[in-house]
Every structure is written in C-alpha cells, then in structure tokens.
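Look at the two complexes coming up: chain A is in both, with chain B in one and chain C in the other.
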Partner chain A sequence: MNEILAIVLGAVLSWLNFVLIDIWMGLPEAPGVRGAKAIGKSIEKRDGDLGGGYFSGNIVCSPDASAGTLLASCCYFAFHSPAGGLIAALFVYFGNRICADPGYAGTTGALTITILIWATSYIGLSPQNFIVGIVIAILTIQGLYHPLVSKLIGKMARKMNRKVIEPE
Partner chain B sequence: MMSYIFYIIAIVSAAMVGFLLRLPLLPERPMRQSWTISIVFPTIIIAVSLYAMFDYFKIYNGIYTAIIIGVFAAVFCRYLLEKLVPIPDRGDSQ
Partner chain C sequence: MINDSLNINDKNYNRDKMYEETIISAIIIFIVLRLLVTQNRLERMPYLNVINFGVAGVITLMNPSPLGAVTSMIYFIMATVAANAIAFSIDKIREIEHDTD
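Up next is the complex of A and B:
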C-alpha cells in the first residue's frame, strides 16, 4: 500500500479508536485529578466546551486510550507480534493505577488497537503507520486549536450520553 | 507464532481461581467509575499479558505455565494489587 495513504488510514483509525473509547469511558464527564480540572476550566474560559476541556485534561494527566494506542503500536512494532500489544496493555494498566485512574480506557485502547493493527496487517498496514497515525491524531486534539476541538468532543460526548457531571 | 490455546487456558485458569477467591465477575455499574477488582478486569487482562510476556521471551511456555500464570494473576489481584497500587484518596485525586 502507498505509504502516505497507509499513514492517513492509520491516523483515522487511531483517532477513532482513542476518541471513541475515551468518550465511552467517560473522560468528558469529570476531571480525574486537579490538573485535569484546571485544563478543562482554562479551555472553557477560552470559549471552549467544558466536557471537551476535561477530556483534554484527563488525557494529559493519565495514560488513557491515547497513550494505550501509542504504546501498543510501539510495542507491536518493537516485538513484531501482537504479544507486544498485550504486554503494553499490562504496563498501561499499572501506569493508569499510579495516576489515580481505574484503568479501563487505557487498557481497552491498547487491546483494541492491537486487534486493529493485527486485522489491518492483512490489507498492508503496518504498526509504524499506526505510530505516526496516533501522533497525528493526538496532535489534532492537543496541539492545534483547543476551543474548536473541545466543542467537537463535547458534541460527540453528548451524542454518546456522556454529559459533564460538575464535581462538587 | 502465537499459541492461542495457551492464552485461553490462562484466561480459564484465572477465571476459575478468581471464582474460588470470590472475586466478582464484573465491576459494579457504572463500570467506568468503579475501582472494584473483578475477574474480567483486570484479572484476565493481567493473566493474558503475563502469558504473552513469558511466551514471547521464551522464558517458559505451554499448558503448565498458562495454568500457573492464571492462578498467580487471580491471587495477585485478590490479595496484592490494592496494596501495590492503592485506590487514591478522594482528597488527593480531586
């Protein structure tokens, strides 16, 4: 497969994998730690959405599906085997627990991307396409324009019934 | 080549010992906010990941390794996990 096309496909699949799993696991609902709350409120102050802001804050403060996707892709590449993705899931789980997070999003993200990489290897995608892809995917969420992205995430979260629960 | 059958044996072994140690099958709802250690999460995940590690690095593999890793994962989750990575205080995390 053409390499540029493979990277674009890897980026789209990685973006969908981590955003959908993180929203499903309730990242836009509440900040997990104080840092995530500060990021969420700051994005809201700059005309962003609070749920989308909490989502960005939670991603920064603990290894959620974004980190799970990145680490599983890297381990799959390093080990040349789906076993790498499974081993990454274990380390992501312990990383989550250390960061005051129960670990569902990160572990699920690592396992689903392992399955995705294995399945798409039959159409010519390789783990390195997913490594580049997830870096691009995280850049679109964290590195371009927070207010716009937070509104998109907030809208998706409301559609998936994951509304903001204000912490007391 | 991955020996899938041994992964399944590790899962079954972890689940059976988990039942014997009275771990719940699933965390209570809403699961995404639950800190309860259950058979499906993280006992089976730990069993599969540990077996992948042993199998990949060719430390030990095969049926006995799969069974022992399943037993270890269940005992570890039941007695050691919360001591090693404790649930954070509400005051610390928020």
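Up next is the complex of A and C:
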C-alpha cells in the first residue's frame, strides 16, 4: 500500500479509536484530578466548551485511551506480535493507578487498537503507520486550536449522551 | 552481526524512506515554536502533551526492539505523571495568588 495513504488511514483509525473510547468512558463528564479541572476551565475561559476542556485536561493528566493507542502500537511494532499490545495494556493500567485515575479507558484503548492493528495488517497497514497516526491525531486535538476542537468534542459528547456533570 | 538484533532486514521495518520520523519531527518542531510564543501557562500543558507523544513515538521508531518499546512506555507514563503534578501546581499557585490579592 502507498505509504502516505497508509499513514492517513492510520491517523483516521487512531483518532476514531481514542476519541470514541474516551467519550464513551466519560472523560468529558468530570475532571479526574485537580489539574485537569484547571485546564478545562482555562479552555472554557478562551471561548471553548467545558466538556471538551475536561477531555483535554484528562488526556494531559492521566494515561487514557490516547496513551493506550500510542503504547500498544509501539509495543506491537517492537515485539512483532499482538502480544505487545497486552504488555502495553498492563503498563497503561499501572500508569492509571499511579495517577489515581479511576477509569479503564487506557486499558480498553490499548486492547481495541491491538485488535485494529491485527485486523488491518491484512490490508497492508503496519504498526508504524499507527504510531505516526496517533501523533497526528493528538496534534489535531491538543495542538491546533483548543476552543474549536473542544466545541467539536462537546458536541460529540452530547450526541453520545455524556454531558458535563457539575460537581456542586 | 549486530544488525540482526535490530531487525534491520525485517519486512515490517523499511529504512529506505523515513516518512514516520520526518512527520513526527516536523510536528515536534512546530509545537516547540508554538510553546515559545504562548504566554498562558495552562494553555501550554496540552502542547507539552503533544511533544511527549512525539518523543515516545520516535524512541520506539529509532529503537525497534523490546527494550526500545519499554523505554518509550516508561518515558511516556512518567511524563504524564510529571504533567499531572505541574498542572496541579499551576492551579494551586493561582489559588494562592488569588487569595493574597
């Protein structure tokens, strides 16, 4: 398969994998730690959406499905087998415990991307395409323009019935 | 041969064209330039997160061995722990400054 096309396909699949799993696991609902709350409020102050801000803050402050996607692709690539994805899931689980994160988004993301890489290896995608794909995907969420992206995430979260739960 | 342990001849690891490393390096340079011009400390945290992702990816792409993967996992998880602590500190400092105002 053409290399550039493979990278674009890897980026789209990684984006869908981690955004859908993170929203489904309730990252836009509430900040897991205090730093995530501060980042969310900061994005809301810059004309963003609070749910999307909490989503960004939670990604920064604890290993979630995006970390699971990156590390599972790395391990699949380095170990040359789907067993690498399971090792990555174990490490992400330890990372979640260190960061006092109650969710299992990272472990779930690592396992689903392992299945995705294994399935797409039959049409010519390799784990390297997913490594660069998740970096491009995280660039679109965290590195371009926070207010616009947070509004998109907030809209997707409301569509998937994951609204912001106000603490007080 | 030392090259055997690095799987240079593996069909999954093609060194002719380094598209992956080039794209990730370009992204890291773009974000570093962006960090330099950003003033808001909390706005910088997501940018730092992108750099962590890029560096973890490059570590594995440059060291295609189990040890490289474990290194990038340890690096990434510890960078996340550090980012957690930095964001908490920024929030705490803002609260203290607000109280004294």
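Keep in mind that, in the parts below, the second predicted complex is superposed on the first by the 166 of 168 C-alpha atoms of A that agree within 3 Å, B and C clash if a C-alpha of one lies under 4 Å from a C-alpha of the other, contacts with A are read in each partner's own complex, and residues count from 1 in each chain.
Criterion: contacts are C-beta pairs under 8 Å (C-beta built on N, C-alpha and C of every residue); 3 or more make two chains touch, one makes a residue touch a chain.
Nothing here was measured: the structure is a model prediction, and the numbers come from that model.
Visitor: Based on the shared chain A superposition, would you classify chain B and chain C as clashing or fitting together?
Guide: Pair status: fit.
Visitor: Determine, for the superposed model, which of the two partners chain B and chain C contacts more residues of chain A.
Guide: C
Visitor: In the overlaid three-chain picture, which partner chain does A:132 touch, first (chain B) or second (chain C), both, or neither?
Guide: In the superposition, A:132 contacts chain C only.
Visitor: Angle at the Cα centre of chain A spanned by the Cα centres of chain C and chain B: state it in steps of 10 degrees.
Guide: 100
Visitor: Thinking of the overlay built on chain A, is A:107 touched by chain B (first), by chain C (second), by both, or by neither?
Guide: First partner only.
Visitor: Applying the touch criterion given at the start, work out whether A:26 contacts chain B, chain C, both or neither, answering first, second, both or neither.
Guide: first
Visitor: Contacts for A:34 in the overlay, against chain B (first) and chain C (second): which applies, first, second, both or neither?
Guide: Both chain B and chain C are touched by A:34.
Visitor: With both complexes overlaid on chain A, does A:154 touch chain B (first), chain C (second), both or neither?
Guide: neither
Visitor: Quick check on the superposed pair: does A:52 touch chain B, chain C, both, or neither? Answer first, second, both or neither.
Guide: neither
Visitor: Please indicate which partner A:142 is in contact with in the superposed arrangement: first for chain B, second for chain C, both, or neither.
Guide: A:142: touches chain C, not chain B.
Visitor: Between chain B and chain C, whom does A:82 touch in the aligned arrangement: first, second, both, or neither?
Guide: The first partner, chain B, only.
Visitor: Regarding the shared-chain residue A:68, is it in contact with chain B (first), chain C (second), both, or neither?
Guide: neither
Visitor: For the combined overlay, can you note the least CA distance between chain B and chain C, rounded to whole Å?
Guide: After superposing on chain A, chain B and chain C come no closer than 10 Å at C-alpha.
Visitor: For chain A, which residues lie in the overlap of the chain B contacts and the chain C contacts?
Guide: Shared contact residues on chain A (touching chain B in one complex, chain C in the other): 33-34, 37, 79, 84, 87, 94, 98.
Visitor: Would you mind writing out the residues of chain C in touch with chain A in their complex?
Guide: 7, 10, 12-13, 17, 19-20, 23-24, 27, 30-31, 34, 40, 42-43, 45-50, 53-54, 56-57, 60-61, 63-66, 68-69, 72-74, 76-77, 80-81, 83-88, 90-91, 94
Visitor: Would you pull the chain A residues touching chain B in the complex into a rising list?
Guide: 24-26, 31-34, 37, 79, 81-84, 86-87, 89-90, 93-94, 97-98, 100, 102-105, 107, 111, 167
Visitor: Which residues of chain A touch chain C in their complex?
Guide: 3-4, 7, 33-39, 42, 46, 56-57, 59-63, 66-67, 70-71, 74-75, 77-80, 84, 87-88, 91-92, 94-95, 98-99, 126-129, 131-132, 134-136, 138-139, 141-143, 146
Visitor: Using the touch rule from the top, collect the residues of chain B that touch chain A in their complex.
Guide: Touch residues, chain B against chain A: 2, 30-35, 41-42, 45-46, 48-50, 52-53, 55-56, 85, 88, 92-94.
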